[in-house]
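Shared between the two complexes below is chain A, which pairs with chain B and chain C, respectively.
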Partner chain A sequence: MTTQTHNSLQLAIDGFTPQSAEPAWLSELRQDAADSFAALDVPTIRHEDWRYTNLKPLLALKLAAAAPARITPDDLKPWLIEGADEIRLVFVNGFYDSTLSRIPALPQGVLIAPISQLLGEEEGLPSKLARYADHHAQPFTALNTALFTDGAYIRAGQNAVLETPVHVLYVSTGGQINAPRTLVLAGEHAGLRLVESFVGLSGDVRFVNTVSEVMLAAGANVRHAKLLRDTAATHIGWNEVRQDRDSTYTHHSISLDAQLARHNVNVMLAGEGATCTLNGLVLGNDTQHIDNHLIMDHMRPRCTSNQLYRSVVDGKSHSVFSGKVIVRPGAAGTDAKQQNNNLLLSDDARAETKPQLEIYCDEVKCAHGATSGQLDPDAVFFLRSRGLDTRQARNLLTYAFANDVVEHIKMDAVRQHLEEVMHERFHGLLGE
Partner chain B sequence: MSKPLLEIKDLHVAIDGTEILHGIDLTINAGEVHAIMGTNGSGKSTLTKAIAGHPDYTVTSGDIVYEGKSILEAEPEDRACAGIFLAFQYPVEIPGVSNMYFLRAALNAQRKARGEAEASGAEFLALIKEKAKLMDIDAGLLNRSVNEGFSGGEKKRNEILQLAVLAPTLAVLDETDSGLDIDALKTVATGVNSLRSPERSFLLVTHYQRLLNHIQPDFVHVLLDGRIAKSGGKELALELEDKGYAWLEQTV
Partner chain C sequence: MSNETIQSLADQEYKHGWTSNIDADQLPPGLNESVVRAISAKKKEPEWLLEWRLKAYRHWLTMTEPTWQKPTYPKIDYQGIIYYSAPKKKKEVTSLDEVDPELLETFEKLGISLDEQKRLTGVAVDAVFDSVSVKTTFREELSKQGIIFCSFSEAVTDHPDLVRKHLGSVVPYTDNFFATLNSAVFSDGSFCYIPPGVRCPMELSTYFRINSAGTGQFERTLLIADEGAYVSYLEGCTAPQRDENQLHAAVVELVALKGGHIKYSTVQNWYPGDKDGKGGVFNFVTKRGIAHENAKVSWTQVETGSAITWKYPSCILKGDNSVGEFYSVAVTRDYQMADTGTKMIHIGKNTKSTIISKGISGGHGDQSYRGLVKIMKGASGARNYSACDSLLLGDKCGAHTFPYIESHNASAVIEHEASTSKISDEQVFFLRQRGLSEEDAVSMIVNGFCKDVLSELPMEFAVEAQKLLGLKLEGAVG
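Presenting the complex of A and B:
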């Protein structure tokens, strides 16, 4: 029962051929995903989870198949993060670029490589890839699974700790459909830091369909930032996280630019005592549309989750926050917090917020709150009375609102980089 | 002590169409300290907001002349850059902006507007250290968000810190003493007294005479129902403390 024809997306699957011969397990996985995609509906706004995000324009796009392209170090420069580029993997249109990537000697137990180089049996990918990203349920996960060209594989084995952040840059250059894939495995008591940057080098309208799977074994700690900086992209991303006992996962989703973006973050708190923090920032302008859709699933007792999402919408931009906290039967001692704040800078900007709690257990602590509003006129006057003009005062207050999310990022290089980006966007208040 | 810095002439001010001030005349010369006393609702805060240029306060007639020029058309930031400073009765909290960052942004905005060189990091740091010490403000408070989670006393001291850093020509203090315990009051008074100079004038707005034990004014004015009911020297404050505001209401 197809309510919208798949159009360009189905065509992309029909026309897909891998760059090189693939092992049987992967061909089978792709076929299974392709079949799922054909059977699943691309959601319309009648679908509750997609009420505020209309995909009709996406289906009408003329998209070329993903193709490798050469880019120069100068092309890459604006997207590098000083202090977080010692280890980096660069994928252009979803294809690994070994000349722009850097993988230095790594601590024992740590492996960082493009997925394409690990398709043999030794890394056990057949049992790891697509384990938690369910292509039978989600059409865009199915699409990515059928089409993904390559992506980053990051693994830290038991007790292995990599303090240096890994920067994965997914660069799009043209009007294509790009399907990169990330797989992160943190073993028992392992530690990893990861930044995914999705960037665009041209104004060609494109579709970036991404899936990241992050698995944390007992006691593992993963810090993960996702930076979206592609003004021409329709970006639909699925970030699937599974946490085992006492693990800690921190995710920062920073949407600086996109034409239309939908970030899905699904977290399974599948082990007792796990801790998860999801923070997000949306800076929307023009007609940008950014949708954050979170599911925090407290499956086991005594897990802690914390969500803070903020959006700043200007022009005719539109932000959506939908966050669901599920507390399963038996998940006693759950402590879940959720906060969404929206700052509207113009009369035509819109922000939707939909916090939801589904609690099937007593003895839990759940708090959620949402606010939407404009800049406080008293604060604007206060700053003006100190000599800042109206524009500076508004910029400073907007910066402050947004920085409340950024300052939580415990990867110094990433935080400093984002502070600089925001300074620039809000007109360098210190004049430096 | 004879050059007028601020001349308020037959000032009428309204909020949302309701007139609050019904004709205020007040002249403050360079170096003078004036105190305005009055009960709640007498129009004290309205006067300070009108001087600072708050957009919600409309001057319906009269004039405010600063350094010989009318400032009625000047934006709040232009008044600030010209050297007018308002210490707020209820300082605003600004989560996400550190006190240091804010102070430097303000100082440099003012310097830039006056065509002066902006303060370098080192210059600013030296300045802020000196002034923070004066106001008994520790480094922790400087690095925290502006006024967020500050106690009442800390907020008021922070206002005086801004005054010290920005070094205005005219400082208007709106009930800076209210809600302060005696130690905090003394700190604030010490700060203000150290900033007194022949070029700098103060307008202290207060409900209580207490503040004036620590900051000696040259003149005291009593505001009653939007008008100045009585003006005099510092002894007027004592008389008022003794007899209460009702005494004036009967004599007017």
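Presenting the complex of A and C:
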């Protein structure tokens, strides 16, 4: 504790002042989180959950406090997803930009707005915000809770279904510490689709610390994609999900670029018969370090969960996967699957994987698998015999490996967009 | 499966529960530097070994007990343990007739009568009773081939160069809390050396026993297979029933030099505590083998006893083309806990490793597979296959899988798979309608579940292991 009081993160908390006056409950929440952060150690590689991800470089960064900035529509263009931008919320350095955002007329029962505009108005917000993101246990959740400036609030009331995806863009422009926050509430039998894009506009090293909370009431259905495309960022994100009876949650975490990224996805299957799918793709190159950390908690009977995470690591990049499936006593009829595949394209690339099962109930079907290796030389040979050169053959196979994750995305616009991005990555294949 | 069958499984008595009253020459409880010196002096050890023990002891003082493991246990009072206890020897024994009759009876009860073994099976037994080796057979036959198989203390006296060269070369005295403690206070153990090109003509075996009340057992085993040599080594354990927990912190080091092959098999059936989880042995063991070029180290274990089993028999695949294997069956029932698995460290090129782990958990049993597969940067062409399956017998037990897979070489191929399930009613029903009793049906399913591992055991042990499994699961599931 004493060692961290002078680090950049603690300084950020000490120097924080909200943009405008906040309600008392929020000030109290922030103070509580700040106290927690001061009491918690920033994890080192001696912490089991962080053994492959070293945060020392982060603590050494000189980071400015988050400040609003102006960006032009052209700056935003490369990150837009054609067909998924009808509803769009844009936050620059964690501050809402109303000129770039678009919120059209919404179906009844649906509310989409920046959290900052709802603080005094939205009923239930004090009891929902920070309800499942536990800042007493996690230093980075505490940090975000103490520092968050703004973020997207998306609510669909009972039976309200919004077919159009909501695109939330969190844009970072400078060497700052940005703390955006997302809160998604899906009421009974409600349906929502959400894309969170974390993008960067400059090469200044920065820290993006995000927390997203998603709550699904009985029978709700939420599809959620998270795209990370910020080459200069150290990105630490917590995604807390709580599912009630018969709800369905699908999460796609696509890490295209980051200096260092750590995605935590914690799912509580808290109602009978809930279904959860977590998919992830890591495309790593240079010295990127991407760490995916999942906890799937089967608390109630007859829930189904499925995890598929794949990483392609090139250059000196490093991918980490840690996935834990917990089956609580009494969670009979659980069906849990977990799969992690790693493709190493270079001798300096590294992949660590830690798939885990923790089972306290006998009436279950649980399985996990993990593989790590290079492209199958026989497959490369086959493609060469069909007239492709080695590079094309390798690109095609790598694309196919990665696309196994992307093809599961049911939001068509997002999937097509990602396919294009991957075509570009594994160039030489376009038009074939 | 029905509640009655589970109940009858849980009520199984521990069949090896008895204590024999042999006067033990022992040190008072407690641990300090003078205890370490006293152990060394009692064993008439050379100066270098005492120095090594003291270095370990001083290092141990700086260490803290690990807490990352899944099993929890009451705090161990290291000052309450007797660190040296030897059966009193009236005189040197040269034949079985001169051995204390009560001792022989003890072995008889265990079903490992020395002369029976000697005559019928051709297995040389170096029986360790508490801490001092009392009887060694077949020594002469083995020595004709240049094989050294003796107690650790004899090896220190007779072959100091070999011991000094290899002691701590695989498990250094700084390795971990319990291995370091062992390095400081180890009492005795087995030593084996197979000269170059020799294939050991018989299975070597040692039966460890924990006897004197309150005695911790700190065994140390060192096996060396010189270039091109082969040895198969068996280790079997049963312990008498007792209420207070007993700590067993052994160290096993295997050295397979170029082209050497060591096969190490264990059947462990120490006292698991009563059905309320009271008592039982803490089996905290460090086992590791190093395989040089073209060498092979193979671990097979059947873990059915102990209140807590906590060990990771590991292979360091240092040489090119070396091979590591780990086959394990672990059974936990009542309140038994197991945290076991392996580590495969691939350093050399074209190294291969196989991990097959089968866990069976019933009652309030809780077990974890924890394993590491690490492919170092230079281990081109490395290959690993791991399969860890768990079978749950009841709704109060737990089965967990914590594999760590670290790949730092693109040409390495690693596969890991794990599954957890229970014996399905359909399977039992099918066998029942073929005329098998529920008990036999379950037994058949469990035997099938463990087959891949049991088939790796040498003949003598495969029989004992199957008996043990049957015993553990009798009347229940199978």
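Methods note: the second predicted complex is superposed on the first by the 420 of 432 C-alpha atoms of A that agree within 3 Å, B and C clash if a C-alpha of one lies under 4 Å from a C-alpha of the other, contacts with A are read in each partner's own complex, and residues count from 1 in each chain.
Everything that follows uses one rule, which is that a residue touches a chain if its C-beta (ideal position, glycine included) is under 8 Å from a C-beta of that chain, and two chains touch if they have at least 3 such contacts.
Note that the coordinates shown come from a computational prediction; the quantities given were computed from them, not determined experimentally.
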First, second, both or neither for A:370, with chain B first and chain C second: second
Contacts of A:424 with chain B and chain C, given as first, second, both or neither: neither
First (chain B), second (chain C), both or neither touched by A:387: first
Chain B versus chain C, judged by how many residues of chain A each one touches: C
Which superposed partner A:379 touches (first chain B, second chain C, both, neither): first
Which of chain B and chain C A:404 touches, first, second, both or neither: first
Overlap of chain C and chain B interfaces on chain A (superposed complexes): none
Chain A-facing residues of chain C, complex: 68, 375, 377, 390, 392-422
Residues on chain A engaged by chain C in the complex (per definition of touch): 48, 52, 329-330, 332, 342, 344-347, 349-374
List of chain A residues in touch with chain B within their complex: 376, 378-379, 381-390, 392-393, 396-397, 399-404, 407, 429-431
Complex interface listing, chain B residues touching chain A: 52-55, 75-77, 79-81, 85-86, 88, 91-92, 94-97, 101-102, 104-110, 112-113, 118, 145, 162, 166
